[in-house]
């Protein structure tokens, strides 16, 4: 809140009231510019502590047409506050470094045998993190909702055997304790990006948080969600682009790869991409994974299932381990072309 | 899942595999239509129990191009299952009847005196429900997050004094017990429309649930969220349109009033409209409230604050009690014009 | 372009270069505000003649972070320039007055007999303008493209017989001459809202122009399109909201009724609504027509066809004359409720 | 139109009427499936000639709930009709081959000296086509609208001197003749993608057509626009993705790179990408160019201006020749990584 634009014909006493209110917030008037058509108040002082609702309270004052803010509303997540890119290390594996992180595995954990089988295959193909859902957000109440704690144990075992750190989704603050026991990275899903109580809770955790972008979240709102986590003490946030909702129906969502360079400019946090959810059709996953790496992503999250035809969820967009291996091979030269390893 | 469209050149044994799989689900092949360019399998049997992920598992089979479903994925919420409109009665006040319900009050509860003051004024002006937030979802972690239980008590007292049923938002399953003690209607906010664990919990409650539409939720997804609540035993769901996210920036969101007649066709649940959040600017609230009533809404939810300039949140879109009174007066003839009372 | 925000650490000579460039445009520096985190230049002088591309040329200068403009980019269309609402009179019928205008008729003109039949029925039911397409924009090259000049003659005859002014669409500057001979109002369709050469041509005409909103046009872009017409000398522009493209698929488009109060604030031009294209399904047209009137629209455009089953286009959203009559009857009390006649 | 779904309780005589109507179109009933909740008619015969409006005419019949079409509405543009990718040769340069095409140049042609200067520099850096606008679509009527024929001559001369084929935009059918004299490729801009009369005219031309995607066009609509051109005899259509309109404001548009693999599956036409308009900010152009190539694009269109600060349009997103050279160098290994040359 740095500039207050007044309506044409604003009176002197209205301006006085605005100035009085500014004073209440420890601010002053730097200058009043009387233009040919508008009068503008330049605000003096540090306005960074002014909250959005306080800004709004100026907006509704008589005589005020617009209130403009120049500074970004997020701080801890901002590149200005911390210039160097954040690298997060989990069990010796880095996210945000030269080597890309690749998190692979099935959408849902469906059983110990099949999960271990997939885990070993994706590891062999080059994945350095393991993903799998134990608590699943499902559009229909009649769908499979995940194996719960039993699934977490399977995930933990697979992580131990393969040596790969494991990622799984938290949907409810009440599950956080048990998930923290088993998982290395806590995932916040797209539907919970603005579940602020959950953000606060994972902010109090010491585990890294993978924060997926909300289906219709602007980049600014996404960074504000990261700020929620960071302002509670947890600075290990990984941003994951997974497609936004648009009018196009040829793909499940529209994968917004331009978010990568935008984020790289605005924040120091690492950015990865989930092309599986982004496009929703198996055959488009590999080209978009290549594009994500070329655009500068720090890693990928890929759905892999050994029998997509029998998957309990998201079979349509899952690669087989064989397809995953092929994609990883094709990604190598692309990564090298942009100065990265995979 | 009623029709399976095959790719050109699908082989006999691929069709056999599909038929075998159908049999596993207790389904058969009604007919195979060999067209000039495509072959189509018409599925025989009740497919209504086939889950989306099971449908997907057909989609990824070799030779399959598309799987089409004719029936809607929601049942309990559907107008086909229950033809007559649902009327929900709360402390003698009806939602879904001839008389429109009007829920008014401030965005946040800020203190006992100011809240009671607003409560009495909106009641006098014709509101028949009281709204006020005690737990607030805020985009910035640095913003006012609500008064919590203290706010609930203030809400409860105001409800008792005015005799109006009270509505407040639940953001976290852990708050449900305390909120249930004080509130008459549980509100699920736009950011939690797909917080499925929360939906499940309010589904176990006996209190009516006001379900706001998600910022980028299709009407179908919205009804699936209602289905979540209903499938857990609570059929008292009120749908609240509050604007969707589009490219237009002149208004805070785009209020989708056509959702009213669409919902009236697809579901028996009552539908109300929140123009305050829908447009985000005070001066557009009243015309959109009139439009909502004319389009057939069963009620309105309106933000009212006696001093919008000092509101802790959403001041920009709040009416003063005086403006609310004026709007209510203007709404009377509009309601009558479409056969309703207010 | 009234405020220039500089990047942190901008040097003195970069500021000098900006000031030199301002001088070239006849502008000065009103003030330089050095804040704790940003330096801001307040621009002195009348910036209203600065074009968007000139603004951009400041944006790319070294040291510049953002350039903000306070004034709206349209002038002739703006409510500030002309406070009273514009009323357009065509053959004695007013658009923008107390009485609502209702333009009704089929999507395409299909033949003299059927068109005259519809014309007479809609007139009897209360329509005061006649619509019908002779040149049709069709998504498929294989669809019926309109009757061309023959259709215009039919339209003209029907206008003469019923005494109603007639509206038809112009798609190509080369058709303008012949259409001007027959039509009373020139319609610019949604796909041509930014066909700037066509806007320029109808700007040179003396006939009123009905300017439909582009499928994904912001209100600002829409008013800039009106400005194109007006800046060429034709101030008789009627704005027509007809739905915008969003993610929702339950309706053909999302009818943005909040555009009505927004436009009423920003411009003096009359605003009408086309619910037929907005929703795309017959049964939702009437409730949205009522909502449009309640929101303050100056009129409606409605598709009517005596045999929707045999219509050459848009049959799915057309009312029969009987349904139109019923809707008009229901609209009467709604119009009266908001101080209008129909 | 291959499947007709009936409403519950549809009567025998309603079905008869549907069958009679099918017969009128030379179609029959393959089968009537009476399900537990719905009855479905499987249509017999070649329905590919049934137009959308004819399909609609079934949709509005009594008893009909839905009409489903299985085949795509475009034919000539479809990959099914022509399996091998189309390669278009212009003055010996190929579009759609192994070597990527790179079209570079300023948004507007501003003068002979500056244009020739840019032309020579982009050629040296590896561009193989030259772009430049002579007729400019501008949002504001007060902006620079292009140099017209004088600009075309400059473009032609630069093409002759450098030996590069030249691309320029056609906005108006009346300009087509003069543009055809000077240009090698005709560009249809985003705002004219559904200017069907213009599509028809360039369809009659023998010059290749670069068809930009409309700001809110689905991929299907885009291919229908290509079909317009092809159905008039011109099969040399190049598709150019340039960003779609979404709610995100951090970039000018949202570049939809997943359109590349989707198009590669659905059509045989070559696909290029314009990241300059797609993102609208200089610093995001190069990463998105890399991503486009990695996703499988056949080429790029890039805005280059030797003095972006003085450009008459789009200065904010233009690269300098030096930045273009750097980007081309970085693109080389990315192109090689996906089996292409640049």
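By written order: A, B, C and D. Residues from 1 in each chain.
Note that a residue touches a chain if its C-beta (ideal position, glycine included) is under 8 Å from a C-beta of that chain, and two chains touch if they have at least 3 such contacts.
Because the structure is predicted, anything quoted here is derived from the model rather than measured.
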{"item": "Joint neighbours of chain D and chain A, given as chain labels", "value": "B, C"}
{"item": "Classification of the chain C:chain D interface as same or different, half of numbers criterion", "value": "same"}
{"item": "Identity of the chain that, by mean CA position, is farthest from chain B", "value": "D"}
{"item": "Whole-Å gap between the CA centroids of chain A and chain C", "value": "38"}
{"item": "Chain centre separation in whole Å, for chain D relative to chain C (CA means)", "value": "26"}
{"item": "Cα-centroid distance, chain B relative to chain C, in whole angstrom", "value": "31"}
{"item": "Of all residues in chain A, the ones touching two or more other chains", "value": "216, 245-247, 249"}
{"item": "Residue numbers on chain D that touch chain A, as the complex places them", "value": "216, 218-220, 244, 246-251, 254-262, 265, 278-279, 283-284, 287-288, 290-296, 330, 333-334, 336-338"}
{"item": "Chain A - residues contacting chain B, complex", "value": "49, 51-53, 56-57, 59-61, 73, 137-145, 171-174, 191-192, 194-200, 215-216, 221, 224, 227-228, 231-232, 245, 282, 308-316"}
{"item": "Sites on chain A touched by chain C in the complex", "value": "2-3, 5, 8, 30-31, 33, 35-38, 40, 42, 44-46, 48, 66, 68, 70-71, 80, 245-247, 249"}
